[in-house]
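Two complexes follow with chain A in common, the first pairing it with chain B and the second with chain C.
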Partner chain A sequence: MTSRRPIVLLGIAAVAASAALLAWPRATWALIAVLGVLFGCLSVRDYKPARFVIALALLLVVIPTAGTHNTFLFELVTTMGIFAAMSLGLNIVVGMAGLLDLGYAAFFAIGAYTWAIFGSGQASEFMSGSFPLPGWPYFYIFSALAVITGALTGTLIGLPALRLRGDYLAVVTLGLGEVVRVTANNLDHPINITNGPQGITPIQRPPVGWLLKPLEWLGLDSSPALAYSIFFYVLVLAVIGVVVLVNVRLDRSRFGRAWVAIREDEIAARAMGISLTHTKLQAFATGAAFSGVMGAIFAAKQLFVSPETFTLLQSITILAMVILGGMGSIRGALVGAMAVALLNLEVLKSFSDFLVHLRQTGFVLNLGIVSYNFANLSDQIEPAKYERMIFGLILVLMMIFRPSGLIPESRHRLELGERKKARDAAKGGSHGAA
Partner chain B sequence: MSEALLELLPSVLLEGLLLGCVYAMIALGYTMVYGVLGLINFAHSEVFMVGAVAGVEVYRYLGPHVDNPYLLALAALVVAAFISGGLAMAMERLAYRPLRKRGSTNRLVPLITAIGVSFFLQDFVRLIEGLWHGEFYMNYPADAHLEAMHDLPLGMSIQNKSIFVIAVTVAMMFALDHLVRRTRLGKAIRAVAQDLPTASLMGIDPDKIIARTFLIGGALGGIAGVMFGLLYSQINPFVGFVPGIKAFTAAVLGGIGNIYGAMLGGLVLGTIETLGGTYLFFLTDGALGNEYKDILAFIILVLLLLFRPQGLLGKTQGEKV
Partner chain C sequence: MALLEIQNLTKRFGGLVAVNDVSFSVEPGQIFSLIGPNGAGKTTLFNTLTGMYRPDSGRVLFRDKRLSGLAPERIARRGVARTFQNIRLFGAMTVYENLLVGQHPHIRYNYFDAILHTRRLTHAEERAEARAHELLDYMGLADRASDLARNLPYGAQRRLEIARALALRPKLLLLDEPAAGMNPQETDELKVLIRRLRDEREITLLLIEHHMRVVMEISDRIVVLDYGKKIAEGTPAEVRNIPAVIEAYLGKGALEKQP
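And now, the complex of A and B:
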């Protein structure tokens, strides 16, 4: 009989974490606790309906309720959600198909500019017509278009690179990230398309008037700001839902199996009748499409895009999410995104603030023999500014010590399990013979 | 108009040659490591950057005591070569060798490690420089003698430091050629590049040879860093990325794994880039300018992969099962 303990513990933890977050909506640790329970929902085995209910309650009731008291929470969680969707998209490329894409932010940029240019006055710089286009229905149309532009760019870039050994793709995508940034930075002349380094603002958002009434019924502050926070939060959740669904369905489909086959052994896959370039292109374009749509949503949410948002650092951040979670693992991609985004957006900043506080107050750490006055701490030590070092370390350490990630892909886990079983059987057999 | 362009041509070519020297020296590091391990060492761009930073430190501490600018530049080159070579070797020992020993079949693992090392080093150097000097933007000091111009025929003029850079590059290339073709170490490197398991059966310790390949490639990268600093003066911990990706393009252009290809590819790429950077502006009537020259290298890379992936001097190799 299987024990019920894990799910009971999870339920208790969920209640405790929710209470904490509702009581202290500004506390980082409470948010970490809630995310920890969500993590638990993803990693406990069995009890599917119960896990699902707990996760839904946390995502749709607890976090929004806490968010109405602290809009920063919405900001944080929505940004995390955008990262999560992107890491799921990159997971298809890197994890399933085994293609190293180091310019993933480029597709994000293309999606973002797709809507930013037409959803602001920018488009009237180079074409006639009345701009900005209104948020309804054009935001949704352009989000769909961003899927296509993302996939198209992916195909164009992938075509030359994917015909060769995998390493070339890494370099080409690395270069692509730079090219897109430089182009966006300089395409304010001769024709002003991207408005160069100043970026584009303000960008239209879809109207949310319909949300104000329900907010009023719930007795909440019915301001457009809160409505937009909730709208983007729910929109991102919905997109994540769709992306997860697509991921799961693809994983077990002909495409997914072909991707995994290529990842494991290109030559064997080709011998099985899989067209390499074709299949790789599909994976690459699918990943790019996800990035594109998130870009469009990001542009509307931020109201502002500029080339500085889409750097190599952004691509590597998303890569670190996939690697930390586990290449090819859908749950891993989600968990990795939560962990890295939280680290990046909240934990490092808090730690920096903490150090600044210690320095300013001249706190003296006394450990018996050693004592250290924090007033002497160099102002160069600011963890929030050293993301590159931290993400670099995550990548290297994961590769050396746990290349399959925190939550290894189930295929991989099965494979390892089988190996262990076989080894045990072999041991048992030899004992029997002796 | 076209006469003016023609008049400019010799100077532009010379400028391209100088840039090409830097690219070629970096490209050698990529191509040698690729030759023995089949790995694109993304962190090589940071080896180059560390060389440039080491050079600045030499200037900072030795500058006030040494009068001869050439001696000073040589000291910077030697120190940078040692530090960068050592760094490349340490990188191999700490990050890449554990992966190799585990015998992982996943092709992505070493690549991801390499990009991780690269990112780590950028901020690490930034942190060290920040703690050491309080800032991480650095300059190579200008020296009147090194900047002095000589007039050449065809309207060209050349600075002393440019002559120095070309001389160092030529000397290093001859030295490398000698090392690879005429010494036991060179023979061993070629053997490992050709077939690692068989080489190890012939009494060659592949770990030792790989470490030394990293050392040599890293030292060349460090020298390139100092040359870059002498030519363009401004250095920071993030300066390695763009020259790094271009040098890789140069290595592919020449045929990756081929040492002479890397030299040729570097020179060709430097020339094309400078030509493009100068003439793009004139050809498009000022619509597209110098800022697109970084993209030029990338376009060359993509075209190359489409039409001649084996590069100028490379040979096509069948895939082994």
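And now, the complex of A and C:
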């Protein structure tokens, strides 16, 4: 009998982490513990139903409950989710198909503007009709539309990729990504489509009136603010679920195999009848579609979009998630997104707060020989300001000690049972194999 | 009717004529060898046949249809598979996955089948899996199925490359120096394999090979290239005694010195 140990430990850890987060909803370490258990649910082998139940309980019960005491938690986890979808999308392009894309934020922008323009008064600047379109049902329709506009833009930007490789492709995608941002920035004249650098606001959200009653029953504060926090959290979670499912299915289909094959060896892939054109464009379109839908959700969540959100730095952050997590690995992309978003939004900030606290209270660190009074600490030293530097340092260390990422890609292996099954199939239906 | 017909094929690289007005035809069921000294243009000819290079003039007919000018993936789909001189496997994929990639054109379902996981996909994948297993057994790679291709020993990599080419269900298989780097035992196994491919799978074989013992023993017909030109063609017994061939291999004057 195989050991039950991992799943039991995971269960205990889940209970402990949940208790911690519920007791201290503002504690960063408690959130990290919960995320750690979620990560464990992704990594432990076997016990699929048990793992699934633990993950679901954490995501749908523990985090929302803690979130009602600390709404920032929703904000944090929702943003992580949005990044996770994008890192999954970019993982297809960069990780699986091996096409270095430095303009990925462009698709996020396309998705965001798809809803922002029609979900606000902006559209009446250049067309007749009554705008903004109401959140119900148009938000959902436009989110679906953002998948298509994302995929179309992806195909368009993918076209130069057909002739370029490696560094050259990176430079071209970087340029095209900037073209999208600069276009959004300047398309306020002659026809005002994007409202230029001022951005578009307010953007319609889907109504959440139906959520208020259940909140009241649960004895919670039935404000629209909380309802929206929960709504976007659950929506992002649902979209992530779909994105992961699509990702896993494509990865195990002939499409995923073709992506990895062209990454490994374009010439050999072509000799196997794989069309580079189709395969590369499919990768670009799929990756862009994930980003597009999250863009639309992001626009509604923030109520505001402007070109500033979609900078090169944004593209690089998403790329860093993919690299940190492990190129080509779906679990890696998820973990990378969690880690980077957490680092950017929470860990460095709370470390800054901690230092400020030490300075204000005049804490004296005494190490026997050396003692230091934190009251003397310069107020220039604030880790949140050095976010990029610390981030860069982490990436450098990663490349030295774990160059293939936190969770390296592991290709689909044959399990013993599966192999027997397939062999029986080969014997039973030898005509199929001929 | 010839399976493959090469008519006046020429390929130039700048001033260098790598393949110069070469014509020959391969009959179905033949084991056909291409030999010649280093730099004679054998691999260039292979690359031109499989669409990696565009010929400058001449044409290639495969089952009476024109191949020259088509992209490599189109030629592969017509039933021409190949291996490479310096083994090109998908190193980060498992042995088993390499064989699934090889079947790419035969696995028929669309993008939405993959996303929705339809029955069409399940059936196609099951068939592909069964066929991959059949090939694993056929090529003696079954116990290596889950290994990454790049971790295989050299001989197994060569076999996997052939297995992957077979996954494409070719009518014509081009092998570029299959015996390179093999020990005598492996070379003997290769000879058996090549004959089996022809007899059991009805595959016509066109090979480039330097290993003369292999070439002379298994070939039905041989073409000799030198400096891009065809200098001889015939059965092994015929080719062996053609002065131009001996000269190409051993240098001018070799004939006079022979006792």
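Rule of thumb we're sticking to: the second predicted complex is superposed on the first by the 364 of 434 C-alpha atoms of A that agree within 3 Å, B and C clash if a C-alpha of one lies under 4 Å from a C-alpha of the other, contacts with A are read in each partner's own complex, and residues count from 1 in each chain.
We adopt the following convention: a residue touches a chain if its C-beta (ideal position, glycine included) is under 8 Å from a C-beta of that chain, and two chains touch if they have at least 3 such contacts.
All values derive from a computational prediction rather than experimental measurement.
Look at A:L395: by the touch rule set out above, it reaches chain B but stays clear of chain C. Legend: residue contacts after superposition of the two complexes on their common chain; A:S275 is shown touching chain C, with no touch to chain B. By the document's definition of touching, of the two partners only chain B reaches A:A170; chain C does not.
Contact comparison for chain A: of chain B and chain C, B touches the greater number of residues. With both structures placed on the common chain, the touch criterion links A:T311 to neither chain B nor chain C. Once the two complexes are laid over each other on the shared chain, residue contacts for A:L319 go to chain B alone; chain C is not touched. Contacts of A:V94 after superposition: chain B is touched, whereas chain C is not reached. By the touch criterion defined above, A:T71 lies against neither chain B nor chain C after alignment on the C-alpha atoms of chain A. In the superposition on chain A, A:I267 makes contact with both chain B and chain C.
Counting contacts as defined above, chain A residues 267 meet chain B in one complex and chain C in the other. Contact residues on chain A toward chain C in their complex (touch as defined above): 246, 249-250, 253-255, 257-258, 260-261, 263-265, 267-276, 282, 328, 409, 411-414, 419, 422-423, 425-426, 429, 432-433.
Taken together, the chain A residues at the contact with chain B in this complex read 94, 98, 100, 102, 157, 159-161, 163-164, 166-168, 170-172, 174-176, 178-179, 182-183, 185-186, 189-190, 267, 312, 316, 319, 323, 327, 378, 380-381, 386-389, 391-396, 399-400, 403. Here chain C touches chain A in the complex through residues 50, 52, 71-73, 76-77, 81-82, 84, 88-94, 96-97, 100-102, 104-105, 107, 109, 111, 113-115, 117, 121, 125-127, 129-134, 145-146, 148, 164, 167-168, going by the rule given at the top. Within the complex formed with chain A, the chain B residues making contact are 39-40, 42, 95, 98-99, 104, 106-113, 115-124, 126-127, 130-131, 134, 241-242, 245, 248-249, 252, 286-288, 291-292, 294-295, 297-298, 301-303, 305-306, 309, 319, 321.
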